[in-house]
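Take a look at the structures listed below.
Next come two complexes built around subunit A: one with subunit B, the other with subunit C.
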Partner chain A sequence: MSRLAKPSSLEDPTKDICPVCKSNRYLNPSLQFLINPECYHRMCSTCVDRIFTSGPASCPVPHCGKTLRKKGFHAAFFGDLKIEREVDVRKRVGKVFNRRQDEFETLLDWNNYLEEVEGLVFDIVEGSPKTRAQAEERLKQYREGNEAEIEENRLAALDETEQQRRREKSERDALRQRRLAELREEEEVKMDVAQSKREVLNRLANEDIDAETITKQAQKVILKKTSARRNLADQEASVRESLTIRGLKKKEAPVKEEPYDAFGGMNMEPTKYVLQHHYDHEWLDKTTSGPLHTVGGWDVHDYYARTMFEAFSGLGVFIEDEVADREPVSTAAGTVAATDRVAPKIKFKQKIKMESDDVF
Partner chain B sequence: MTTEDERYRTSTQYRLWSYTPSSLLALRTSTNSLAADRVREAVRRSREARAVSSTETSDAERGRSVSAAPEGEVDCLTVEEELKLVRFYCRQTSQLGDHLKFPSDVKVYNAPLINMKSVLILFWQATAIQYIKRFYLTNSPMTYHPADILKTALYFSTKTENHYKSIVEFANVIGKTKAEDVLASEFLLTQALRFTFDVRHPFRALDGAVMELRALASGNVPAIPGGEEPVDLPQRLDNRAQHSYSKANDYLKTSAQLTDVYFHFTPSQIMMASLLLADKDLAEWYIRSKFPASVDPSGLMANKVMGVVEKCAEMMATVAPNSDASDVERKEVSALMKKLKRCRNPEKKDLTALQRAKRAGAGEDEKIVKKRKLEREQSAKEGENLFGPALKRS
Partner chain C sequence: MANSPTITAPSPSFQSSLSHLKITLQPNGSSKSNSLPPSSIHSPAIFAHDLTEQLNEAEKAKYIKDRKVGEGTYANVYLGHLASNPSSLVAIKKIKIQADYKEGLAPDAVRELKFLQELSHPNIISLLSVYSSKGQNLNLVLEYLPLGDLEMMIKDHDIVYGTADMKAWMGMLCRAVYFCHANFVLHRDIKPNNLLIASDGSLKLADFGLARSFSNPGRPMTTNVITTWYRPPELFFGAKHYAGAVDVWSVGMVFAELILRAPYVWANSEIEQIAKICETLGTPTEENWPGVTRLPKYIVHEPVKPLISREEWMARLGAVGAVGVDLVVEMLTFDPRRRITAEGALRHGWWSVEPRPTALRELPRKREGGQERMGEDLKRRPGILDDEQGAKVARKLEFGGMK
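And now, the complex of A and B:
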């Protein structure tokens, strides 16, 4: 809060004195200080009127000499003029460098961009006159170079704020509607209760039934009505709620995970043999019971499965037919290697660029 | 679409190490010519260097050194000669594997396990041989001597085939080798293998096939899922299956390793081919039983598979299924060794020294060294910061 400008400052008495005409807030309670973003020198509104009404004039503060116009003067928002100036600079730079995060491919690029912009702002705010001039030049160049994109982004930002505003408005409207509906409902309930009471009284007066049963019936009716109303209200509320909230992300039901298949969908069922539980074997049978094997978890059935698989794995693979298709590839790689300085054994290396050492 | 074939197509052996005969030959030819060019270039460079240094020494010495170095064009190995050499060293690999004794763990195993142990050694040798074969697709024996690569390949396959040995122990068992020599070409081999260490062998497949044949013989077992059990069983099926096992296994151990079948056929086809060589009727009946009329009414698929298996068998039959080289081959190889001595790339002779120099960082760019250092520091820092700095003791 202390950063905001206060009409009177107890800490610093010079703040209450106009540096141009030396008039004092003590003498003139309505004294108002203005600044111009050209040079950020403070002066009272009387001085501004006096000096600049007749057209642009140079700043009356000694050694400033900037030409100022009356139009540019306004009251400072921040008490500290340095901050006022920085905020102004930021606004100006931000209008030019208005890229958005979704324009960048990676977070790193976006962060680098932000850092660059921040550096520019710092140069303008804190830099020496030379760096400041350079930064201004960069800003100008960027503005000229990217006019179209800046405009696009500006419109996009406007659009976004507009949407935000609309959303907020619709939320507010919905809230008000809800409140009104509640009030209306309460009113209805009250009227209902009053009416049923009236009916009960009428019936008690006119009909010839036991008073107790009549009251009981009436109570039941009232209860039914209220519960029905409550249900209705709930339904309405849910409908209304689904209408009010906008811009929610679409929820996608997660795809049900399949059990992991270690073999990538390859069929492991044998087609050329039927695996038996036991095979006669010259010396294998003796190994099935020895602790030397069983302790290690060795199972003769694994061996059966493996040998039978290997007996038929590739029986129907005709290398001469199938490899002929890739023949040009392998010979081409060979000739490439032949022209290369490196030995042809690194054929593989040329197909797939991998970084490996040259062995001697 | 059979699922077993689909699964085989995901293997690196299928994706990276399967070739048609023509593409394989083209690759080998280009490797050979490239290596030959490089050898000539290197020899020329070394001669120039010698000429420069000999001008500084006395005339007498120069005369000797010039006469010692044969001038003229270097006589390089051809593709076929390289192949013969590599095949010889593959034989060596398997013999070396047989003779290597790793003490310490044989004792504790009981009888069936010794069987398993031999299977393990079989896989180990075969994998090493395939590494060597794959290595010499894109490298020439003129550049890197097979005797060097052999050790590294054997060492690598101890790792891939569950036959762990420490490097020191391994070097000791090989004899006349230091750990450094084995490791000298490890990067070289890894890169030439394109970082794929998985080799699909047909041995286990043969085990499976024989197991199933015996099960089929006992009856009540359908040949394919949902099919009926085969009716026209060959005679004495159980007996024949057991007998053909050892013969087929011999083919797989030697013929399949020394020929190029691993590059041209799948393990299952190689296994069937070995069975075909062992017992032709049995193998044919077995393959046809897997393509009954209900699945393959025209019999096209069965015929095609049979054709491929026969082709594979033909290729395998070119090398006799015994581990020792014939006298003719021996003679040829010793001549080739002499020739290789004359046409080796002088710059790549001592891999151990090269590796040592590389470790020391010689010949590397200042920049690369600096970059590596930075990376090391970076990773060390990240490692430290992962869970925050160390707790201070109060």
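And now, the complex of A and C:
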């Protein structure tokens, strides 16, 4: 294991000195360094035995003074003790802050949570003694405040790993079964061929039919058997395939689809007036009664609708509201009212201003 | 460069343009003797004389042109982005000065501006901003639609689409047209290459260069609108008073084209086009369209062909099912008074029968070439204003590979 704590200077064993008893690897080739996560001071296993066998004692490194127990000592996994310490801190924090992404409503919330946890870890790992103490206090508070949830999440995580383990095991089993089945099959094929050969020989010896027909029949039988077996194998394979799908996401209840709304939520019905089928107007009736006016599709009802629409458009629209909606930066909004539509928000504007004439 | 902000050698016009700001420059104009900080000299506000110019400059400064993606006689199209956010892309359509319209703006630019400013709908291209550059060019800042247009989808035979996809596209198109009509705007140039596809897959109706509002009673409109293949018979017959039904015919033609993956009725000239319509769909007569013979340009070829039967419709366009064919038939009805309206189309039963329209993100889409395509589509002169140009527009459609 290359990642295991190796002495920093293997090539020069005299440099690898225990800070407590000053013995080095040159003098003691089996020298092993241990640390205690209380203070992460390195010392050799001999010193640990010597100092802590008789019970808790304070750390022998000058100015440390932490009370250590022998039970807490272990070999460092990483060569760099800072990393060792950070990993330990992460494990400790992770056990408390064990929320899962599906508990959060949005990705943003989840990311904010992760960032907060990361900040806490950073405070504990890198912070000054004061910030470290504060962070520890926060950790403790959170642990006390959320005991039930932490436990729940811990169990859920356990459950998940257990499921994962089971799935892997079943995959392994399936693989083994498949291999066995293949072996068995090969064996069967061999036996079949041997048996049919024997049969052919028997028939050739005892029966009174033409030798060629007998061999042909036998070949047909063999072919039939192999193809039948192959079909069976294919079927089994497809069944087996369904057992070994990896990386499946957890099932979600299918979202019930709304029926398709052809209008896409548009409602252009006038809200402020009721459109009549006919409006009495002498000039209008005279102008539009000619066949040339209607045969091309022009309809006076469109004109009624438009006139009413224009008469009422703008009512209930307040400039103050529009200005309040608008971002304060758009200074040129008067001339180019469209600038605040950069964001793709859907806004059905019903007001339409028309000049009366468009000669084209 | 008469008014370029050079400090070392101020020209007389430079001085005069600044005179009202009470900045005195030394006659020999050495930069050291100038008390004004150089940064303020370069600020455009000094040269913008009134409020509108300042507003225009401020608007212009919001967008940055990156590169040209299309150049035409009518407009140049640039890809650009917001100055404040380089990742938000826009298309900038810079309308060229046109020889025919020395005074003021070209009518198609005015139309486009007028209607796009007012219509805000998810299936209509949105106009983000307008400004002028160099005091003469109109720049329209439009939504960036990188995935090409519907014509590309129809013509690219590597793309496979089914009834559900067509239903989704047609649904979006009908919504856009209904929205226009409900706001009393006629688009008058609906065709597959004016239907652009946004990055989320949605269809956007573009090019309002021929749009106008519903006409007032007694006021004639031009019949020379809509690209020939998508133009309804009443326009060929010279009906000066028409309404939303003309757009619905175009929508029907687009629908048929989507199904066939080729234009349904197409010819090289207007005369041939009307002959072709009679040949393909039957002859418009007094029976199926009361009053049609009184239209000023009503000419049809003998012999009179009866309207095609339902079986024939089914044989041609049956891919969308019986209910779908129903909708096409109603959209391609000769009599504009009996033709289905955009609202009626949206109430049609086809939307609720199986298959359900494809969700936006699952619609087939083109991977490359969309940017250039958008450039192509936006630079095109909208529609046709006389015969010669009409012929040109039809030729530009490039269906050469079909013959």
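Quick note on the criterion: the second predicted complex is superposed on the first by the 227 of 360 C-alpha atoms of A that agree within 3 Å, B and C clash if a C-alpha of one lies under 4 Å from a C-alpha of the other, contacts with A are read in each partner's own complex, and residues count from 1 in each chain.
One rule holds in what follows: a contact is a pair of C-beta atoms (placed from the backbone, for glycine too) under 8 Å apart; a residue touches a chain by one contact, two chains touch by 3 or more.
These numbers were taken from a predicted model, which means no experiment stands behind them.
In the superposition on chain A, contact of A:R100 is made with neither subunit B nor subunit C.
Contact with subunit B, but none with subunit C, is seen for A:V274 once the two complexes are overlaid on the shared chain. By the document's definition of touching, of the two partners only subunit C reaches A:P291; subunit B does not. In the superposition on chain A, no contact is made by A:R69 with either subunit B or subunit C. Shared-chain residue A:D302: touches subunit C; no touch with subunit B. Once the two complexes are laid over each other on the shared chain, residue contacts for A:V317 go to subunit B alone; subunit C is not touched. Contact with subunit C, but none with subunit B, is seen for A:A262 once the two complexes are overlaid on the shared chain. In the superposed model, A:R198 makes contact with neither subunit B nor subunit C.
Overlaid on A, the two complexes show subunit B and subunit C touching the same residues of subunit A, namely 266, 268, 284, 287, 292, 306, 309, 331, 334-335, 338, 346-349, 356-357, 360. Subunit C meets subunit A in the complex at residues 52, 55-56, 58-59, 62, 82, 88, 107, 111, 116-123, 126-131, 171, 174-175, 178-179, 182-185, 212-219, 221-222, 234, 237, 239-246, 289-292, 294-295, 336-337, 339, 346-348, 351-352, 356-357. On the side of subunit A, the complex with subunit B involves touching residues 266-274, 276, 279-284, 286-287, 290, 292, 304, 306-320, 322-324, 327, 330-331, 334-335, 338, 343-349, 356-357, 359-360. Those residues of subunit A lying in contact with subunit C across their complex are 257, 259-260, 262-264, 266, 268, 284, 287-288, 291-300, 302-303, 305-306, 309, 331-332, 334-339, 341-342, 346-354, 356-358, 360. Subunit B makes touch with subunit A in their complex at residues 2-10, 14, 16, 18-23, 26-27, 30-31, 33-34, 109-113, 115-116, 138-139, 143, 187-188, 191-192, 194-195, 200, 202, 204-209, 211-212, 214-215, 218, 221-225, 242, 264-269, 271-272, 287, 290, 301, 304-305, 308, 348, 351, 354-355, 358.
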